[in-house]
Amino acid sequence: MLSVQEASLSFGGIHALSELTFEAKQGEITAIIGPNGAGKTSLFNIISGFYKPQAGRVFFQDQDITHARPDKRAALGIARTFQNIALFRGMTVLENIKLGSHSRLKSGLFDSGIYYGAARREEIALRNELERDVIDFLELDHIRNLHVATLPYGLQKRVELARALALQPKVLLLDEPVAGMNREETEDIARFILDIQERWNTTILLVEHDMSMVMDISDQVIVLNFGKQIASGTPKDVQNNPAVIEAYLGTSAKGAA
Amino acid sequence: MGQFSQYVMNGIMNGSVYALIALGIVSIFKSTKVVNFAQGHVIMFGAYFYFTFSVMLPEATFMPDWVLKWEPEWLAAYKEGALMFSPKAAIAGWVNNLPRIILGIIGAVICNGILGLLIERVFMRPLLGQSSFAMILCTIGLIWVLEGSASLIWTADVDQVPPLGPNFPIRFTLFGEQVFFFSASVVNFGLALFLFGLLMLVLRFTRSGVAIRATAEDQSTAYAMGINVPAVFSSAWVIASTTGAFAGAILASRNGLSPTLGLFGLSVLAIVLMGGLDSFLGVLIAAMLVGIFESLTQWQLGGEIAEIVPYVLVLIVIIWRPNGLLGQAEIERI
Amino acid sequence: MIIGEYKTDYGQDEGIWNTWAKKLGFVVALLLLLLIPFIGNDYQLLMAGQIAIFVIAVVGLNVLVGYTGLMSLGHGAFFALGAYTTVALHQFFPHLFPLITLIISMVVAGFFGFLFGLPSLRVKGLYLAVATLSANFIVLFFIRQDWLEHLTGGRGGIETPNAYFFGTELITNQQKYFLIVPIAIVMFLFAQNLFRSRFGRALIAIRDNDHSAEILGISLFNYKLKSFVISAAYCGAAGTLWAYFFPAILPEDFGLNMSITLLICLVAGGMGRSLGPIFGTILILMVPELLKMGAFYFSEGNASAQIYFSPIRDIVFGLMIIGFLIFEPMGLVSIWDRFWRFINRWPFAK
């Protein structure tokens, strides 16, 4: 479905990713974990096209997208959220979500400017669809006309998820969706993620530090350290993998001796 | 070939004046992240201040005569028998003017420094924390304020101002052809480079220089480290306006005085972007390149096209290298 | 919130005039515009026409600067291109239908907008401001050239044609008003519509956060360039009407001062707001007139005092732009908003 092959990315002397290879399977939730600076967000950035890897390739549905521009990748159905919220702060929740569906809509300059006719029909159809599939689904109906800048952090994160969902993505990249949230909010988001998977059979990639959530919901876990994959497998396999324990807790006393 | 090198050298001399103007824009940008579109108009004020202190004030009735024309006895002895337009006569003439030149420079530097401080305090400080867009617009507003005030304050017909150095032609042969400059241009060239170098040294080796560089790297960290960031902002404006006073004096003696002097600032802005906003060296190189290209086009294609040379060059350079010749690309993160 | 407004489908919610107050306001404004040519004297109609022309240009600038967040200091150039295209066209086709001239001018200005917009893909903010500034100088340089003098009149300027509307020559300001104002209304509404549907939304997204816009599938290349082209075309249209409205044009009319004036109108009115260009333009174009009256009053008709007029006007303009930036950065529109908020809540809250 989505695979990265031997991708390397470095900034100056720092190797954010070195020869990383992995694959996400259709309809599964793949979690990517690792200590800070392990290259998780860099991996997302080469998948969504914000950075280009210096070596290696990115494939999506057997298509080489290594050099495609980010907007082309969105049109193919790759959506993402950001670690630091990247909403359009001047707009309302509804406008933010509508922007998510940009690449699915058609009306161009003249349709938009004339409005009555094609653009209006499209807007109303879109509004119907978004209200049903996104706003209602993510329980955002009470805030749809508020400006995003006024919302609390947890809701902003949820709006970002809604915006990504409005793309009707085939692959959804979630960069720390529950960072800084309390237990209850975390459970809400986890439930939404599972619902998305179930309802649209979306392939989901997840970067997250909240281990209990990762272990609960993911089908496959990939562990990165220093830009390299050090382990992968089911949550249970990974939990017992000595290399993972070492990366998280440091070298054990026995190993150091 | 001789002709060619003549024009290249003229270009370098003009380029050094551009570099001096650019210095102000870069030092303000480095410390405050504001690009001063009105730098040319600050320089125009410098030119008018120089005029005020070197021409208007010495001519006032309450000033002693020697300020306007200083003629010590040894000078008369030195001057004796000198031919018109000879170096000797020119130097003597320059010494005659020396008191008012010095008065002019000192007055222009002080007044322009105060002007820079005022601009920072009154107009820029309240905008602190707003987008750079707002700050740029504010400096654009300043263009009109300064231009209007200058034509209100200095309504009288303007006179010639004394050049900063003795002015006589220097002739020599190069590649078998006659080449010549005016010595005043050489003095201007030297002065511009000297000021440029001096500021580099100040930034590198003094305490306040380090404060400015730290602020340039990261404003909030500099603040947290106990650097008085608003003071750094003020000093950047003062540096820009005082170096601008010198540039103004040079421009006034070379091109004459008029409110349109401010337009120089815009072509220098093009030069600054060409060199890279945060790189003094890049700006110096760009200033020289533009000076040379301008003088070569003037030679080959006529003076009118030379006017748009900086604008055409900047378009070419920023399409080729978006951050300028030596500017650093920021790594963008999300 | 206006009480008693409820909607029964999404189409109503998506409308521009989605409250009765807005509907009423629009109708009243239209009626007023219809009334002006019959009650105004020649001088007032001159002002009205000038304001309408400027509104078109400022609306165009708003698309680029206010909504897309790209800076331009060169829109005077596109204004000039529109005006000179009109003059040149009428040399070959003296009775060309004004709307055709308008469209050709928009295409020409739009094409140059495309050319000068190319750097916008590589560079941001300030670099763009200087690139467009360069564009302004370069375009005016060519207009002044002797080898184009037969078309442009060179540095001495050129007389401009009048528009022929089905055989009638539009001579008086009243006649011209009926050409200019409807075009201004249509172009204003077009821009207004843009920003409530897909295209305009994408531009605002680029302004707010270009990286996430790109990752949502908005091609920065495509949209930034189109934004440039639209705003240049609007200025081109304004240029055409300018050429029809005034008896002659000079290259200097369209220099940096024009570009900055357009920006000031936008800042004073409110960037990125649909009513901003209208409020801003009216204010900024009225200020010199008020100053003129004031200067006349204080100097008691003394001609020697008149030389102070232009520097004082410059200073007032400069201080106004700075004052707006410091005290009312969102422009007159935010005063307007506060006023309506007050009305809506009164008497329950202030």
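Letters are used for the chains, namely A, B and C, taken in the order the chains are written, and counting of residues starts over at 1 for each.
Just so it is clear, a contact is a pair of C-beta atoms (placed from the backbone, for glycine too) under 8 Å apart; a residue touches a chain by one contact, two chains touch by 3 or more.
Predicted, not measured: the structure shown is a model, and the values here were computed from it.
Nearest to the global CA centroid, when each chain is reduced to the mean of its CA atoms, is chain C.
Chain centres computed from CA atoms place B at the largest separation from chain A. Work out the mean CA point of chain A and of chain C, and you get 41 Å between them.
Centroids built from CA atoms put chain C at 36 Å from chain B.
Centres computed as Cα averages put chain A at a distance of 52 Å from chain B. Taken residue by residue, chain A touches two or more other chains at 50, 82, 86, whereas all remaining positions touch fewer. Across the assembly, chain B contributes 334 as residues in contact with two or more other chains. The multi-chain contact residues of chain C, meaning those touching 2 or more other chains, are 211-212.
For chain C in complex with chain B, the residues that touch the partner chain are 69, 71, 73, 118-119, 122-123, 125-127, 129-131, 133-135, 137-138, 141, 211-212, 256, 260, 263-264, 267, 307-308, 310-315, 317-322, 325-326, 329. Those residues of chain C lying in contact with chain A across their complex are 9-11, 13-14, 190-191, 193-194, 196-202, 204-205, 207-209, 211-221, 226, 230, 272. Only residues 35, 123, 126-127, 130, 132-134, 136-138, 140-149, 151-152, 155, 266, 269-270, 273, 277, 304-305, 307-308, 310-312, 314-315, 318-319, 322, 332, 334 of chain B touch chain C when the two sit together in their complex.
In the complex of the two chains, the chain A residues touching chain C come out as 48-50, 69-75, 79-80, 82, 86-91, 95, 98-100, 102-103, 105-109, 111-115, 119-120, 122-124, 127-128, 131, 163, 167.
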